[in-house]
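Supplied in structure tokens, the structure appears directly below.
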Amino acid sequence: MNAIQAKGISKSYRERKVLKEIDLEVEEGDIFAIIGPSGAGKTTLLRILCSLQPPDSGTVAILGRQISFKATEDLQLRRRMSFISQKPIAFRNSVRENVAYSLKVRGVEDRKEMVDNALQHVGLLDLADNLGMTLSGGELQRMAFARATVYNPEVLILDEFTAHLDPYNIKMLEDALISYQKENGATILTVTHNMFQAKRIARTTAVMLDGQIVEQNDTATIFNNPTDERTGQFVKGEMIF
Amino acid sequence: IANKDKPVSVILATTTSTQDSGLLDYILPDFNSKYDADVKVIAVGTGQALELGRNGDADVLFVHSPAKEIDFVDQGYGLYRWKVMYNQFVIVGPASDPAGINGTALAKDALGMIYNTGSKFCSRGDQSGTHTAEQKLWTSAGYNYTGITMQSNSSWYLSLGQGMGDTLLTASEKQAYTIVDEATWFNLESGLDLVILVKGDAVLFNQYGVIPVNGTMHPAINEEMGVNFANWVTSPETQAMIANYTLKGNQVFTPNTDRKP
Amino acid sequence: MESDLLNVTLLSIFVSGTATLLASLLAIPLGCFFGMRKFRGKEVIRTITYTLYGFPPVVAGLVLYILLSNSGPLGSLQLLFTPTAMILAQTLLVVPIVIGLTMSAVSTTSKDYTETAIILGADSWRTARTVIHEARVGIISAVMIGFGRALAEVGAVMLVGGNIQWHTRVLTTAIVLETREGNFGYGLALGAILLTIGMIFFYLMKRYQDKGMLT
Amino acid sequence: MESDLLNVTLLSIFVSGTATLLASLLAIPLGCFFGMRKFRGKEVIRTITYTLYGFPPVVAGLVLYILLSNSGPLGSLQLLFTPTAMILAQTLLVVPIVIGLTMSAVSTTSKDYTETAIILGADSWRTARTVIHEARVGIISAVMIGFGRALAEVGAVMLVGGNIQWHTRVLTTAIVLETREGNFGYGLALGAILLTIGMIFFYLMKRYQDKGMLT
Amino acid sequence: MNAIQAKGISKSYRERKVLKEIDLEVEEGDIFAIIGPSGAGKTTLLRILCSLQPPDSGTVAILGRQISFKATEDLQLRRRMSFISQKPIAFRNSVRENVAYSLKVRGVEDRKEMVDNALQHVGLLDLADNLGMTLSGGELQRMAFARATVYNPEVLILDEFTAHLDPYNIKMLEDALISYQKENGATILTVTHNMFQAKRIARTTAVMLDGQIVEQNDTATIFNNPTDERTGQFVKGEMIF
């Protein structure tokens, strides 16, 4: 079964088609990367998959269930997935309370240990009592990671989750992500503009250009033998990195 | 408006009853045209009207609280006080008349019956002319008025601190007795669930007076116009107009000036 | 006179406090709902709410008077000239203020908070609580403004309360009475008491505003 | 009667409109200043502002009456019982509302806007304009609430205006007069006119709120 | 003369010292990179240099003039410099008006051509009439770059200015930055967590760790022969990249 199954997703803003009839299938247990240039529509696609906004047309099924794009109806499904936004935000609370939020919402009682554990994994235990709003850009991304994984979602959707991090911390989060996937058998869908990251962590990679997925394959194949001409051009951009 | 010299503005501080009865609308145009004046009516409580006079914010007063008016003149704020007219207070109440006062000749007897039966009574409670008259009635009936009002748990005597119209409405809603001047009564009668029960007792006469404010108290006071107003309102012509004024077919005020001709 | 003053002051606090509480219980959830959702008719609701800011207390009082009067549809409840009627009147006046200000507090609170709550698995109820938490400065201001309005209001309570000594006289109606009697000084003194109550209330609310309380 | 009604309506609009305008000119810059800066005494100013939300119109009217009375310090200006005095009274009541709401609109507008403006070389004046632009939804709400308050207010204009026919009678004082005379129906009709004015004003402001106007 | 000269800058939040007596000198016309892990204090330092917040102690001189940390007094100086924040924001206006803002503020009249030119350089001309707030993460960074450079500041301070961009767009901005520096002789100070970027564009690189600048040198020297042990450790992080 596919953990994520999107069919014919289209979205326009005014006259401009930002997503053009996108079909996407992510197998259960896969780590799936979407790469593509700025403005390709990656974030828009992820937001639709998470039921944060409805598409103009098309359907999405997560873990085999159709989503309705109505917050209340999708509650059960939403509780089995998580999303780290490209611009994560912190509630006006301590870092610890921010991470505890997702547990509290699910009625989990013994939160302390789980939260501390999650913070430990992203190197933020020292800052647990600081206000979430005072975190630096990279710290905020790490907190968002802890907050999104602490409740063991089955589907994890990430939008440039290491954009503000340095190599040391990137490695920490990537390792955490890979071991999270192993332990939970979760499905991971990540958008990244960093093609090295896709190479390092993804089993499958899709290339998105101008609202379309132009190619999708094993990560190695995508990078070594791109079949689509436009993919080739875009992947060449890697060279400057 | 014709493009002649601006009329002189005169500030008349009066009680709401003269304004609400419509009397002023009836008689003032005559004054305005005779004196090329523009009378500005400030209709407030008697106490506030007297205070406006004290502060030099009104040129002439037209109120109905004789004792306070005389004090005002004695303290030098007013030039003199002339009677202008009177009307009657009446005691009104629910048609069922639980205290059985209907037709009682003396107002103080009626109050005694209300007190003894513990029937509901609404008081203006605002130190207005009507309220002052009511207090005098209680005293003359042999009661300690302050004693009555200081009973915080009293559920029969309701001191409202409101205007006459509001007091009537309240009495009607509560099916309580109250004292009202005839002008207001005729105006509001149709909307009320009350009837007149006691009238005609001489102590129920409600005397209105006019006082031109003493111009030496304050330079801004237009004493001349105040005096003109007092002269005019007590003149035979105006007195006749007052006598002619009717509200729903009833004469409301009886002119009775004491001005020496 | 002193026991009278105490009585009047306590009734003011009771009436306006209860009205503000009732209005808040009704209006904060509604304001959040209107502020968070997009739906048809939202603009109509905003228009009505804002228009009602300018709802004159006298008119509110009049409408309620006509309803509660013995000859009105709700006359049998016997509420006219009771503190309950005064509370109703003030609630009526405070509700649109609290709804409107809550709406704008909530809708200017970044949509990001709502989305983060939803993504982390919050149900509608918890999402609303979270948004209220994030918008609390604005919402508490709404409550303060509402209380101020209730406390300062006179036209409506005068009409439906009747300013009956010992029963329905509050600070504002007492001020009107004193003013009409020409006792300006006493009126001002009552005004000072009223402002002091407002200040104490404000101080308490501000402390609440500064510290976090829900999530 | 009809020309009277027109007169009363126009005077209401004139008095409340002018008062709101004056109050806004004074209070929006002050509110922005207080909202944007940190300084000692800021909390005191907030406290005062919020407290003044609950300033009863009657008391405001009394204070102004005492000042403007012929025996008061400003008596020589001869403003008592004029529309000017009514405008002053309403301005007094509207200023704290507009200051307070502008303050909170500005201070909840993300500090990022201020910083971006400063970094891009804006002087204080332009920074303020930019922040006002970004906070405009809240500020325009402040003005609307202020106008609503002015329009609905009766206690202060009654005292300092005197409710003089043809001169200082406005819709609210006319409503009081009609109610006193038992003309409830006419009172309600005047109330409807008042609400209509509020609604038209709101509609115009909302259009302004929706489109950008400054930067 | 040094374009940026900071002496003894310290800053604490509660008990924690985030910046510890930092001295920094950036020569006029240099492209200077600061690298360092998440939470090192990079953003805090840049904000102080831009007069956005005062330090607890220490002084800053830009282009030879001491800054006062009072917005009004530093106006003239601020107009000669620019800053791209780690989280740039757009005014509630069109992209074009956002970029025109810095010119408007300076009373420049003929803005259209300059603005269009700047948007062209960052590939945003097509979106010029969109609302700034609707831009994607990477588009926003490009807009911020255009907005910060359109008025030719002499000192340009950048905080992770390509964090949300893909290789193609990174190259575009880096090229634009280098040619901007050449044409204007401007001084560039950039914070980056991407050490390849420091290698590509910076002449001088400083390494910041835990509130201190532990090493500063020619970029090549820093990467090839780090003298500080901690720098060596941090630069090793590069390997995972």
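We call the chains A, B, C, D and E, going by the order they appear; numbering starts again at 1 in every chain.
As a working rule, a contact is a pair of C-beta atoms (placed from the backbone, for glycine too) under 8 Å apart; a residue touches a chain by one contact, two chains touch by 3 or more.
Remember, predicted model here, so these are calculated numbers, not experimental data.
Looking at the partners of subunit B and subunit C together, the chains they share are D. Graph distance from subunit A to subunit B, where chains that touch are one step apart, equals 2.
The interface with the largest number of contacting C-beta pairs joins chains C-D. The centroid of the Cα atoms in subunit C and the matching centroid in subunit E are 50 Å apart. With centres set at the average Cα position, the gap from subunit A to subunit C is 45 Å.
Subunit B and subunit E have Cα centroids separated by 81 Å. Per-chain CA centroids place subunit B at a distance of 36 Å from subunit D. Contacts with at least two other chains are made by residues 166 of subunit B. Contact with two or more other chains is made by residues 87 of subunit A. Looking at subunit C, residues 159, 176, 179, 184 sit in touch with two or more other chains. Every pair of chains that touch is listed here: A-C, A-E, B-C, B-D, C-D, D-E. Remark: subunit B residues 11, 16, 19-20, 40-43, 54-57, 163, 165-166, 169, 187-188, 191, 218, 220-221 touch subunit D in the complex. Residues 13, 35-39, 42-43, 86-87, 127, 134, 136-139, 142, 160, 163-171, 193, 195-196, 200, 234, 237-241 of subunit A touch subunit E in their complex. Those residues of subunit A whose C-beta lies close enough to touch subunit C in the complex are 50, 52, 71-72, 75, 78-79, 82-83, 85, 87-89, 91-93, 97, 101-102, 104-106, 147-148, 151. Every residue of subunit C that touches subunit B in the complex is listed here, in rising order: 3-4, 7, 69-71, 80-81, 158-159, 162-167, 169, 173-174, 176-177, 179-184. Against subunit C, the residues of subunit B that register as touching in their complex are 44-45, 47-51, 125-128, 149, 152-154, 158-162, 166, 170, 172-174, 193.
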